[in-house]
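Two complexes follow with chain A in common, the first pairing it with chain B and the second with chain C.
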Partner chain A sequence: MHVPESYQFFCPVKVNSGSKALEQLPSELGALGVERPLILGRRDALRRGALGTIITAFKESGMAVGLLDAVPADFDVTVVRQLANVYRSKRHDAVITVGGGSIIDAAKVLNLCVSEDVEDVMPYTREGVLKTRLKPFVFVPTMTGTGYETSKYAWMKNLTLSSHFLMPDLVVIDPRMVRGGATVEGAALAMAALGGAADVCMCRVKNPLADTYAYAAIQYVSENMAGAMGRARDTMSRMAIVNAAVMAGCALSNVPPGPVRRLGTIAGDMFRIPDGICMGLLLPYILDYYTVHHGYFMADLLLPLAGFEEYACTAHGLRAQRAINRVYRIQHELFHITGGAIPRTLKEAQVPRYMLQDIAERAVMQGVPDIGYDECLTLLTHAWDSSPVAFDEKRG
Partner chain B sequence: MKGYREITAGRKPFKKAYVAVMLWVVGRAIQAAGRVDKSVKAEFDTLPDGFSFSLGVEPAGPYMIVGKNAKGYPKYGGWKPGGTRIDLKIRIKNIEAAMLLFSFRESTAVATARNRLIVDGDVPSACAVIRMLDIVEVYLLPRMIAKLAVKRYPDWTPWRKYMGRVRIYFRALLGY
Partner chain C sequence: MDMPGYYEFCSRVRIISGHSALERIPATLADLGAGTPLIITDRGVSEAGLLRIVTNALMGHVTIGEVADDVPQDSDVRIVNRLADIYRQKNCDAIIAIGGGSVMDTAKGVNILVSEDAGDLMQFSGAGALTKPLNPLVVVPTTAGTGSEVTLVAVIKNHEKHLKMTFVSYVLLPDAAILDSRMTLTLPPVMTAATAMDALAHAVEAYTGLAKNPLSDSCALAAIRLISHHLSQVMKNPGDKDGRLALANGATMAGMAFSNSMVGIVHTLGHAAGSACGVPHGTAMAILMPYGLEYNMHKNGHHTAELLLPLAGDDVYARTPVHLRPERVIAYIRGMNRELHELSGGGHARCFKEVVSRDGKSLVPHDMLADIAAAALQDGAIFWNPEEADYDDFMMILEAAWEGIPLDRTRIRKG
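Coming up: the complex of A and B.
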């Protein structure tokens, strides 16, 4: 096993997952000294009755809660200022966010503003500026999200904030909140979790604790993808996918950004495709490329992806390729389960071939570990026309 | 801001009433079982003199208080903890967790494992109380339901089980 020379790992996130987990929220908030929490959500993005379930969980608690269910998806400084005004004027002392995506970024920025008592968050774009814990922050995930919800990152327009103190104090995963939702959104969340966790595992400066989170996330996605996305929409499988996304987010906060996240986010933003879908379709090609050219830690991925038996039955030299084949299989399964709604290649995702250069340029500008522009373009070309990297290299 | 509203947490009166009735029955049944069943008495003998415990739901009840009387028998002390010295408080975190427990969808052991209970006091005493509760549940409930509520269903003689059940129900209803 890889032993790093030195590493740091920090995860302040408490996870409360399981049946009736929401009903424990008032006592958990009480332990954090909270009396008047503010619930943020987007009614249009949530399953009907989801916010009602949370409100019902507060019955018998004696707490007064504020509910804001019309937070705009595309928020800016003005929206955060309005949220902060509500928070302060109504004397709230904690934020509870329901559902993933942009709303959690809004909640993280809001929590920073009200905790530090500032209006301008520009100084906090540098890591290390934030030095103290913020006010209590709770996240209630649903089957939508980017996989970054529990991470240390928050985005607002072109600003990226990064601090471990932005991570939620408590994540409550309740089966009633993961039901419903569109298949594409669920698949995007699962693939974002898988892609993010794979990034952690193949990172050159990874650490054993982040690995533990990432391995569990990969295993959960690998074992539960079919159950969660299939016709049965098994609740336990969906819980596993949401848990995987939470774990991947925590792990991602402890390693530098990897190629799957970087390329997936850029392609997703450019072509209005959910980031997770882009990460999912790029993942096997990136793994393939890094195996051929760099090779580090890829063999280890087979264990969480395929389980002990297949790992033990596979010779060390073949494990990396088997792991990649597993990811291809997950991708194809997802394609068939969703009746072709989830693309397998950039071509199927309607990304024009001539735009690959733009994606590569942007990726190189933002920094992708160990690869330059040409390598990035080669990789994207493989992901566009679905040609395996290893096959191409041997042929070349 | 548009879309903001303030909500005062409501109540769950029916669930609260159901749990209150269950706690009342269990409390009186512990008192009765202490006089009927030797193993309940033996468990109670391990507790210190004057010991009392409460089992209740956070944050505002209902509660059940049981104490050890001068003769060493369990005595049901009502449902109001105020003014009573309580050595051991077993608190169920919320009314939904109490419903899971008292509708026998979760056993005490599973509820503890799922972090639904808070014990405030001596842990060995809490274990003794939980063992007593398990015995009482075996007496009170039919086998099919009791198997869901206890960790292991005991292998008792029919005489002990059925005669004990009749006597405990009788004593619990009359309150002696």
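Coming up: the complex of A and C.
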């Protein structure tokens, strides 16, 4: 393991995960001096009874709990203003967000507004403007999300906010909250975690602590994908997937975005495919391409992907390819489990071939490490028709 | 990797690592809204020239409120009170703690008093008494071992009243830990060995204990890999900057692991050997680690087995049959102790009978083992040990660890 000449790591997130974790929430909040938490959720996006479970956990706490359960998915500054008005007028002192996706972006922006006492968040789009910790902020994940929930990022319309202080103080992962939900959504979350974590490990600027979070995430996804998504929908496996997504969000907040995140987000946004599915789809091709053409060191990925035994028994020079094959296998497994709902190629994702150039153009504009337009297009072509990257080399 | 029924993990400390990490302190303080730090350290640190390296890095960027370099080896409530007065008099707004466990504990204590604007520490002792965030605290560890830079505990003694106050709260976590290779570059070989083995014991007990969890496991594995790969190189070449930085990183990761998953019998007996006979903590950890693993093997051998990969590397791991891996791990750690003994010119003790004080006197006479075992019964760390242990079990381990012979595993009572 390489320790770089210099690096920084910061993860303010505390994780409480397991049976009856929600019942600890009142005392956790009490320790932070909270008396009037506001719960944010989207009733239409949550399993029936999910919000009730949380509210019940507060029953004997004596806290005055507020609930806003119809936050629109496509929120804007007006929505945040309304939320902030409620927060202030009801004298709330903490936010609890239930479920992943855009609701947590709304919560992050809300927490910024009420903590800094501002209406305009534009000045905060530059990293480093925010200097102090915000008011207590809790995230209760479900089996849906983008993998960015615990990250330092928040998106509102065309704005991107980025600060470690936007990350939740506490994440409460409770088995009762990870049950239910559509398989495709769960798969997107798992692939977002895998893609995001692998992206961290690919980073040229090595960050050993980000790597430890990322390794744990990759291992959990690799070991639990089938159990969580298959017919059994095993609760422990689903807990592991949600844990992985939480860890990936923490890890990727500490390194600059790599090719998996960049390309996944761009293609996802362009074709309205969940980013996670897009990252998962592109992941093996990106790993393959960067290993073959740019000498990226992927051998160590085999350890979390395949476990101690396979890693140790695989010759050093073969590990990268084994790791990549392992990712292909996860992809295929997911494809079969979901009856083809999770695409394995851009073609299966219904991305027209002629649009690959547009993706490549945007990617280069936004900055993908180490590759230019032509290379990016080649990579995307591989991911479109599932031609293995190294094969070209051999043929050439 | 197992999914624990329930776990918590929190490591809110900003880690700043590098060969020039100290130069980042001014910017870090500015981010925390502070600019007038009180520097807390001990004589050893200032005499070794480490204090000067830090103050040079601050020069021109930060107004140093005061430098207090007289923290005793054992943190004491009197010095905490005195330093809190200085902090207030000099209008300080942050603390920089440079040193080992005692300095950090003292700094945490001072920070409680000045942040809560209080005069008596006692009211904040125990768990949960502190809720509000404290003033900025930046710590600079000067040994790669204790992991105090990432722990949420402080122990401060009241020597007059013979009281030991323990403070436990997430607000005690420092805001930033600065891992700079220059801070450990001059650490003598015996100290390098003992502190690194202390860190290794944190990681090993975290990974094999009852309260293990995915994040502490991941930190522990990374820590073990770093320590095992770099320790003997650093012992042979103390000026190896990269190796020193790797050990510092390993110690911090091990600290993150154990502070989120507890420790077990190795620490129970280590604390006891420290309090009963004054055995340095790291030395006790190094000696006891193989015994702890032997004692618990019937319960957690499958976890111990996995440690062979980060410890000995992929070749050894792959070549060793599964059922032999736990024993191989134990043998490997004993091998490390032997190597450290040689590389330190005999200074690193392999067993309790080899532990001597500065003037060469034996610190653990054989007849003191019973006292150590008795003290161990009072230690809370045993709660998280996979196998239960009573006085006789402690004695069995201590006898073997005194002599330096492997534990007779047939004598272990399996509960």
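Simple rule for what comes next: the second predicted complex is superposed on the first by the 396 of 396 C-alpha atoms of A that agree within 3 Å, B and C clash if a C-alpha of one lies under 4 Å from a C-alpha of the other, contacts with A are read in each partner's own complex, and residues count from 1 in each chain.
Note that contacts are C-beta pairs under 8 Å (C-beta built on N, C-alpha and C of every residue); 3 or more make two chains touch, one makes a residue touch a chain.
The model shown is predicted, which means the values in this text are computed figures rather than measured ones.
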Next on the checklist: Applying the document's definition of touch, where does A:G18 land relative to chain B and chain C: first, second, both, or neither?
Outcome noted: both
Checklist entry - Touching A:P26 in the superposition: chain B (first), chain C (second), both, neither? => result first
Checklist entry - Regarding the shared-chain residue A:G62, is it in contact with chain B (first), chain C (second), both, or neither? => result first
Checklist entry - Which partner does A:Y220 reach: the first (chain B), the second (chain C), both, or neither? => result second
Item to check | Residues of chain A touched, compared between chain B and chain C (which is higher) | outcome: C
Checklist entry - Thinking of the overlay built on chain A, is A:A240 touched by chain B (first), by chain C (second), by both, or by neither? => result second
Next on the checklist: Touch test for A:Q8: chain B only (first), chain C only (second), both, or neither?
Outcome noted: second
Checklist entry - Looking at the overlay, does A:K131 come into contact with chain B only (first), chain C only (second), both, or neither? => result second
Checklist entry - For chain A, what residues appear in both contact lists, the one with chain B and the one with chain C? => result 18-20
Checklist outcome for this item: Per the touch rule, the chain A residues reaching chain B in their complex are 18-20, 23-24, 26-27, 30, 43, 55-71, 82-83, 85-86, 90
Checklist entry - What residues on chain C touch chain A, complex-wise? => result 1, 3-12, 14-21, 24, 31-33, 128, 131-133, 170, 213-215, 217-219, 221-222, 225-226, 229, 242, 245-246, 249, 253, 306, 309, 314-315, 317-318
Checklist entry - What residues of chain B sit close enough to touch chain A in their complex? => result 1-12, 16, 58-60, 93-97, 100, 114-116
Next on the checklist: Touching residues of chain A toward chain C in the complex: what are they?
Outcome noted: 1, 3-21, 31-33, 131-133, 208-209, 211-213, 215-216, 219-220, 223-224, 236-237, 239-240, 243, 247, 308, 311-313, 316
